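The structures considered in this document are given below.
Both of the next two complexes hold chain A, though its partner changes from chain B to chain C.
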Partner chain A sequence: MRDKYRMVFSGSGGQGIITAAVIISEAAVLYENLNAVQTQSYGPAARGGSSRSDVIISKSEIFFPKVIQPNTLICLTQAAYNEFSGIVRPGGILITDSKYVSIEKKVDADQIEIPIYDTVKKEIGNPVVFNICLLGVIIKIKQIVKKESIIKVMEQRIPAGFLNMNIDAIELGMSMTSAIKNEI
Partner chain B sequence: MKKNTVFVQGNEACVLGALYAELDLFAGYPITPSTEIAELLSERLPQEGKYFMQMEDEIASICAIIGASLTGSKVMTATSGPGFSLMQEALGYAVMAEIPCVIVNVQRGGPSTGNPTHVSQGDVNQARWGTHGDHSIITMTASNHQDVFSVTVDAFNLAETYRTPVILLFDEVIGHMREKLILPEKDEIKLIKRLKTEVAEGVDFRPYLPRDDGRIPMADFGGVHRHNVTGLFHDMWGFPSNNPKIVDGLIHHLVDKINNNINTIAKVKEFHIDDARTIFISYGASARTARHVVENRRSRGERVGLLELITLWPFPSHIIREKCRKARFVIVVEMNFGQILKEVKACIDEPEKVFLANRVDGVLITVQDIRKILRIVQGKGI
Partner chain C sequence: MRDKYRMVFSGSGGQGIITAAVIISEAAVLYENLNAVQTQSYGPAARGGSSRSDVIISKSEIFFPKVIQPNTLICLTQAAYNEFSGIVRPGGILITDSKYVSIEKKVDADQIEIPIYDTVKKEIGNPVVFNICLLGVIIKIKQIVKKESIIKVMEQRIPAGFLNMNIDAIELGMSMTSAIKNEI
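For the complex of A and B:
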């Protein structure tokens, strides 16, 4: 992997973006010997308004814990897209879900529109694993952590009866896209 | 991965430190951004056969831990600014009656209910002087979870060693942020046990009679020795006294037991200080931003360094004065209007070389904020 990944997950409360941010960070720390710092917005914003979680994953020690310019920006609502799309680092990637976000402006980033929600609904039937499918998309596009590391974290966090559905969601996400080679 | 690596919030690191230090009882009233401390302890303490008490407010919370500490328990409460304000009266009681306890304040924006979900470092002076009357107090902070864990253990040790309340002054960013923590093995950090009296039942017990080394053994309240505990000035039996000699002796004892041990108590972390022309002084979440700037500039050969304060009170004046002697500029980085800045200016030989980089809008001070001040201080314009 590159030395440092800066990611911002944005959307609305209940979409599971904070859980997704915690899982990928924990996978990096516990199973890939990397450093990670995760922060999130608290309060009213996280309960209906635009919610946001910042993640830095790095080979070296991380000091300033927030993300000013993400290499990877994920926007899962129109409001989050409108608020945050301008912060993506030039040359970075902006991932949106085509069900929730219609791309309105051009940013200096690779814009990747993927119908994650609709595909999860169709292939798995339960939208609860929407956020896990998103992780599959992210780790396929950028090889930040291995699928196996994420599954190990989920084994600890997710009730056994739901684990297989979550593993299916990761694999589904990985099948929906391809890797980006010229990452910044 | 090391087998005892966890990925946790700062508040959880504090909980794990408290459990490592053998916390017996927590009483509290949950408040953002400290809530996870109460939440996690409400689960963990009963599992270990220990006590969690949800109180009706913060006044009751600190009074409950003071009472429990007197019975021989290691105790803690956690709150944020509004609750810490309510605790000030009883905090002074714990100072006067010399009752070991740990009070965590995960700072949010103030005054009043302020800015609950956002970061601030505005309670630094409140920790020092929030309760009335001359006194000394120990206050510590941390900028990463490894240090949150270890200062929490230290806080219990210092509380027992000096028979004093110890304040842990964290902030919203550190409390809520998740990062790696490597849990020390059992016995890796030494724990200080309560010093208990050896006076036998039926023999006159003097609860405030120091040993030769200055430490004062305690008897478990409700045990074999009946004794008085008061917030009034008191004699060695714990009974009220306004005898000037006794008053003078006690107030000096309360201040000196901490101030005279500043070399043992005070902890400062140094990063690239030796040849630094510009020294940043910072603590808590602000120190992460300052460190970011320092490491970045050092990699380009610029002579900058960071003094990170772990102990805020007693203020490590002697260390600051010595370390900053050769620096051309000293920049204090904090999220308030300069509460530590004033202490630094007061202890340094040339106060005119001290500047403030601050932010008070509830947003973590950024690398850009510090860079801007650095440029102005160095005469480079914005």
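For the complex of A and C:
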């Protein structure tokens, strides 16, 4: 990993974006000896339906917690895509869910359109783990944190009876895509 | 409310601090037409056990999301109290839970020591709503957001079967304390 890795998760309230951002941040800090800052900014945009969570994971101290140009941008609704797609860092990665977003713009980034929601629905049957499957996609594409670190965080946060479904979701996400090797 | 209200929630991972910070932020934005930024910073401190979540609620745009001196500081473990008590804004409010924290320092703030955990355990029986009861304490002491706004957020986030217990918890928190009228 480069010194700093910046992510923006965007979508709507019920998609578990904040939880996904918190889990990947905790995994980085608690089990990979990195620093992390994770921010939700709510303004007029939130009332219109888009929510956004910024994550910075870094080997060194982080002085400014907001992300201007994310290395990886995730857009889980059309509104979020329309609002945020332009901010992705040139050469970065833009991940969208094909159920929710139609790609309409050219951006200087690897656009990864992937049916996370539909695959979770089909393979696991319970869309509640949509956000965890997304984390599997993210860590497979860029190895920001290890799967094992995510699972350790989930063991602390998720009731025991639901842990296996969450582990299945992360592995499903990892099986849906392949790594991107460019350095951004 | 003054133009900006700054809070820091501190404690350990399992106490629901992040969820409490997210709920009060969403209540402010979605139902009270305010702006909010909510940040978790994780560094070496997080590995030692203390976690911290910063919230700024404001009538105007928020440019810098970190809180330097909170108007209200909440410390839910002794370690968090030892680390953070000095940052409370002069004239501000310091809330501690009497089960977890022994007050040892003088600070230029109203120190409110309150048995949230023990009261939740006794009156509701389920400590999972400890963080929601804390929100009741906070909004009674300073009317940052209305109870009704918190409940509307919970209706979106909490499974229907658990909503009444959470409403009981917020009302219990409000019944445990009284308003502080100073302007800080």
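Simple rule for what comes next: the second predicted complex is superposed on the first by the 177 of 184 C-alpha atoms of A that agree within 3 Å, B and C clash if a C-alpha of one lies under 4 Å from a C-alpha of the other, contacts with A are read in each partner's own complex, and residues count from 1 in each chain.
Assume contacts are C-beta pairs under 8 Å (C-beta built on N, C-alpha and C of every residue); 3 or more make two chains touch, one makes a residue touch a chain.
Bear in mind the structure is a predicted one, so any value in this text is a computation, not a measurement.
Aligning the two structures on chain A places chain B and chain C in a clash.
Once the two complexes are laid over each other on the shared chain, residue contacts for A:26 go to chain B and to chain C alike. Of the two partner chains placed by superposition, A:116 touches none, neither chain B nor chain C.
In the superposed pair of complexes, A:156 makes contact with chain C only, with no contact to chain B.
When the two structures are aligned on the shared chain, A:94 is found in touch with neither chain B nor chain C.
Of the two partner chains placed by the overlay, only chain C lies in contact with A:14; chain B stays clear of it.
By the touch criterion stated above, A:74 is placed in contact with neither chain B nor chain C.
When both complexes are aligned on chain A by C-alpha atoms, chain A residues 22, 25-26, 29-30, 33, 35-43, 62, 65-66 touch chain B in the first and chain C in the second. Residue ranges of chain B in contact with chain A, taken from their complex: 1, 5-7, 32-33, 116-117, 172-173, 176-180, 285, 288-289, 291-292, 295, 364, 366-368. Chain A meets chain B in the complex at residues 22, 25-26, 29-31, 33, 35-43, 62-66, 68. Considering their complex, residues 13-14, 18, 22, 25-26, 28-30, 33, 35-44, 46-47, 61-62, 65-66, 156 of chain C touch chain A.
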